[in-house]
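Chain IDs A, B, C and D follow the sequence of writing; residue 1 opens each chain.
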Amino acid sequence: MPRASVAVLAALTVSAALGPRGAAAQERDPLPVPDLPGMKTLKADFHLHTVFSDGEVWPTVHVREAWRDGLDVVALTDHVEYHPHGSDVSVDLLRPYALARPLADELGIILIPGVEITRPAPGSPATIPVGSGHFNALFVTDPKALEVPTLQDALRRAHAQGAFVFWNHPGFMGTLEARWHPHVEEAYREGLFQGVELVNGKDFYPAVYPWIVEKALAILCNSDIHQPTPPRAVGGPRPITLVFARTADAEGVREALMARRTAAWLGDDVWGAEEHLRGLWQGALPRLPSALSARRGQRLVVQVQNVSAIPFRLRPRPGPAWVRLEAVTVQARATSLVFRVALEAEVTNLHIGPGHELVVTVPLEITVAP
Amino acid sequence: MPRASVAVLAALTVSAALGPRGAAAQERDPLPVPDLPGMKTLKADFHLHTVFSDGEVWPTVHVREAWRDGLDVVALTDHVEYHPHGSDVSVDLLRPYALARPLADELGIILIPGVEITRPAPGSPATIPVGSGHFNALFVTDPKALEVPTLQDALRRAHAQGAFVFWNHPGFMGTLEARWHPHVEEAYREGLFQGVELVNGKDFYPAVYPWIVEKALAILCNSDIHQPTPPRAVGGPRPITLVFARTADAEGVREALMARRTAAWLGDDVWGAEEHLRGLWQGALPRLPSALSARRGQRLVVQVQNVSAIPFRLRPRPGPAWVRLEAVTVQARATSLVFRVALEAEVTNLHIGPGHELVVTVPLEITVAP
Amino acid sequence: MPRASVAVLAALTVSAALGPRGAAAQERDPLPVPDLPGMKTLKADFHLHTVFSDGEVWPTVHVREAWRDGLDVVALTDHVEYHPHGSDVSVDLLRPYALARPLADELGIILIPGVEITRPAPGSPATIPVGSGHFNALFVTDPKALEVPTLQDALRRAHAQGAFVFWNHPGFMGTLEARWHPHVEEAYREGLFQGVELVNGKDFYPAVYPWIVEKALAILCNSDIHQPTPPRAVGGPRPITLVFARTADAEGVREALMARRTAAWLGDDVWGAEEHLRGLWQGALPRLPSALSARRGQRLVVQVQNVSAIPFRLRPRPGPAWVRLEAVTVQARATSLVFRVALEAEVTNLHIGPGHELVVTVPLEITVAP
Amino acid sequence: MPRASVAVLAALTVSAALGPRGAAAQERDPLPVPDLPGMKTLKADFHLHTVFSDGEVWPTVHVREAWRDGLDVVALTDHVEYHPHGSDVSVDLLRPYALARPLADELGIILIPGVEITRPAPGSPATIPVGSGHFNALFVTDPKALEVPTLQDALRRAHAQGAFVFWNHPGFMGTLEARWHPHVEEAYREGLFQGVELVNGKDFYPAVYPWIVEKALAILCNSDIHQPTPPRAVGGPRPITLVFARTADAEGVREALMARRTAAWLGDDVWGAEEHLRGLWQGALPRLPSALSARRGQRLVVQVQNVSAIPFRLRPRPGPAWVRLEAVTVQARATSLVFRVALEAEVTNLHIGPGHELVVTVPLEITVAP
């Protein structure tokens, strides 16, 4: 009786699914974000560390926290060369993925294999910032093979394994200014990386932002967390890479990353291509009113329901003199009052390029009953 | 130019819509609750007091707070006979409705005219509890006419005005046991009231619960608040009367009340007729899985997304011995993990009668891949 | 038996102390703020409106909310000349004080009589900003007497009643720049006002800040709220005027106001005289360590406990090159880790003048055990 | 220059003190609990698991979270015999203590060496509950030596190492009833354990409560957590063993445990000896008023400030008929209103024995001014 036997197994093992005894969350914040036409919007974190390098959590912890936080995709990216726990913990970087995969499958989280290549810049004097030689390689199959003397060679081997590679925290620690170093240029010319972290942790790098278009790089926005992630209600927003994928699986993630269909989302702010961000706006406000009528003496009040978890800060563009224009935020997952007749507005937290925000039109036809 | 002139008006008055300068909320919690087939589920509070009797807020405050809290319907029900602020404030009970109506219209809140008839029981000795002579009359048109010597006469006059009348807080203050008093019986026989508060404020009255069916009364669940209502995040859940209305307007509310299509919702608990509560369950979990398959050795994990603001506490009913059965709560507005194969369950917070909870079936077909 | 009779009274009236039935808070946030040597630090809000002018709450609501929010002093300051509720509510401005006083006495809140003089500037064309003719007068005894044709005369009459007068929201609504208008200069020269709101609601007025010292004005920081005040956990910080009073009573408040011993506190920021703010710092961190010792190879970690509700953002001043200097916040009511050896720091949220923050010294003697 | 060299070291290592890059809290909740005369009240968690057995966090994570949560003492108690991560992680149980100790020293956390002895009961058939053979041994020096065939022998070896031993979760998982098993009796007679968990995780064991006095056991209240501990604001209260110690160090903890000077604290409830709990009450309310006076017609209102993080739920004991008596909670870290004249009250959340709560007297002398 195969049915009975699997059931017995289920009965014995269910308590382990959220891990051993303890206080793991049993609820997931759905964190709704609109899909774009023909594409699923996946919420990802591609930069996480475990006890297998210098992190302080077991691989499953990141999967469970990603599920709790409404994420769809995670990559565990331990350091290839840095193993401070090496005397107590295995240094085999295939292990984190293997240990996390069963829980990821159960919870419906897409797990991406990955590592962090962590080098001083090649031939670097002390003046080269610490972070300039850090790159994450996703979809690698043989991490061990990346342990070669030079950064460039490590990147070449990742490339040979078909990896998607991105430059990590170019302005490391928020105290160093991001610069396009010679060794980065060298790797870039050779096509050894395809993306860059515009956001790492709580840090946004303004200097990196122009490179997105100039260098045609995919935008990444990751937590780089080494410890437990506090729940959003306490720890604040978590950096999320939005991935606009044709299919909601690892292959769909890879295709979208290679095609640079990503955006960065940190708290109130989103950075991405205009077409993607316009899609988010349109999907978030499905019932935007298009006409208003008022009797003489009646006030005009517009209610706008935002069904997404992304808020929209509106800065109205100039309209007729008799329209009062004020900045307003359309809060996430709420209905907001918009009291003014905004004909055109910039969405000041949807960034489509340095100094450029998404401009949206709310075409209101105002009629007045006598 | 009528268009211009209304616009100027709008420009001058918008700041007043949320009241004068101050810290009123500009966001509404959508508080999603499923509609039933052919009916809108409206969220109502039919018992509120203002400075026009013994409350401490202006009528508009209740409207604004109802909007913030996701309600659709409110009635301001000041005392007909009790006016402690009478030396400073008008005692005309048509005024609260008139003052609140423009804001209610702007915000899309359905405002119902109402008053509270506040009498000692007729011919009552001191042993008759304070609350037994309190009845709310909705849809009254002439509050002044209710100022007659006896409770019974006041109820008759409300009836004559076409009012929907319900008995308030039968177990007043939570310290007095609810009893079906002789004067209540008298009014009931004469058809002078059609509903009863099963919940008032934070108090649920167990003694009242059997009367709902025995006496064929509409269920009411109201706040009876006299002061500002703290936001839900601080003040906890607000009592809400769910009204299953054919149309989302005052007439629809009246028809549903008269037809007793209501339920009480306080925090985690809902009390109502089985057909209504089953409709809420079905609408809240639109994507309930109906089949599971697992490979031998794999754990069975079910994720359930609840799109409503009502949580569901499940107490599984006995299944095969090899299924582990545990109580679980499907949290509101979240995706929950349900680890066990629940074939049948009682929803322990959806009350369809004293001692009776809604029983639901989740028909799972389990197959095992070899 | 007088004892019995007062007790019966107590039994009958206790439920009214937090007002009629409803959801008023029963807990007060102590909101600890250090006293200065020889002075009590009182937390005040001197600008509040009720239904007696254009507010939407009964006078008692402000008293109860002030108690909940940890305040010690409030003034209800309804408009002398503006009575939009006049057809329903009395316009006697002695009433709000009289109605609120019993509750204030019970809760230990110091209630200050007050009104807002609300005029267009004298002889003003439309170009004079709306707010420039608004002044609060505290300790007035005859509000009716202020209803005279001109602003200057109204201020003179307040002065004659011994009032403490301050200029309200000089940069009204945050959209108009604060300017030292001719009629303000005229009133100032005549000694008709002694203070100014540096903060009103959530707005801080940078243009007003230099006037504090130049014109020797008392700093005021008030809410100007007309509606219920949401609890701090939801509505964010409440503006508070800190009053450094020799006695904790109305007379002590008056003496401190006249002597300009006040500061403004909004959220993280405090603006005041250096001597007062230094006193707050010293009182908040009573156990600041003065010496550290470490063994070679050990890290130096300092824990600092802030016993006050004011956080302190530190910007370290340059030290020896071998000390890592980073900005840090000593959170309110918590123990914080300060990892760096800060010899001298600016407290960037304690403002002692435009462009000047409090500088504090933490004299640490570092010794190293061999 | 030793001074310079340690400083350089400090500069290089400070960022590691809160662990590697990531979102660890930098603030500690002081969680104030009164000391008793001559004794420090230490807040402890003596049951925690790490990746070195079946936990999912690195040892330092528990230390950092304990600091954040206001704890003073922790023991990492990995399983002696159960090592599901054994193929990836060392099984040397001296390692968790060694790895956590430097951070504990920096943060001022008292770290106690410990292990969990995890056996099926000796000679047990399947009917013996899983948990009955689980004992924590604190202050052990040689964990390896406990790997002997029988539970009794393992306990004897712990005893020989001078360990303080307590029985874990006698009602395992909350689903099994606690019973005083024969093998427990055997160990008890031989003096092999001195305490018992009255609370484990969120579970309180009523059946265990009488044993505290009958068997003269120390009360333990521990989390037994294997995963990250969510911050209190999200995860709810953390179980805490209160230790009344003569000195705030490991030796003081050991002496207090052996002398059974402990109490259990979970959320609102505290269980302990009357003398200890009375000390907490007295320390928490230092300014309890002792006399009230009122003028005839004035209401009597008492404000009580609780300076501790423990709330007190009062159930008044019968007083004169003219005093209204209602249950009330004196909230933690707040000032509460107590409207009634409570002469004597039971503190219903301070449990001094099964069915017995602490009785306190508030001796109020009421006088009435004519």
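What we mean here is this: a residue touches a chain if its C-beta (ideal position, glycine included) is under 8 Å from a C-beta of that chain, and two chains touch if they have at least 3 such contacts.
Being a predicted model, the structure only gives us computed values, none of them experimental.
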item: Where subunit A and subunit D overlap in contact partners, by chain label; value: none
item: Centroid spacing, where centroids are CA-atom means, of subunit A and subunit B in whole angstrom; value: 40
item: Shared-contact residues (touching 2 or more other chains) in subunit A; value: none
item: Pairs of chains in contact (touch as defined earlier), listed by label; value: A-B, A-D, B-C, C-D
item: Of subunit B, residues touching subunit C in the complex; value: 19-25, 49, 51-52, 54-58, 60-61, 64-65, 85, 87-90, 92, 95, 99, 173, 201, 223-231, 233-235
item: Complex contacts: residues of subunit D adjacent to subunit C; value: 2-11, 13-18, 26-30, 106-108, 294, 296-301, 303, 305, 320, 322-324, 331, 333-337, 339-341, 366-368, 370
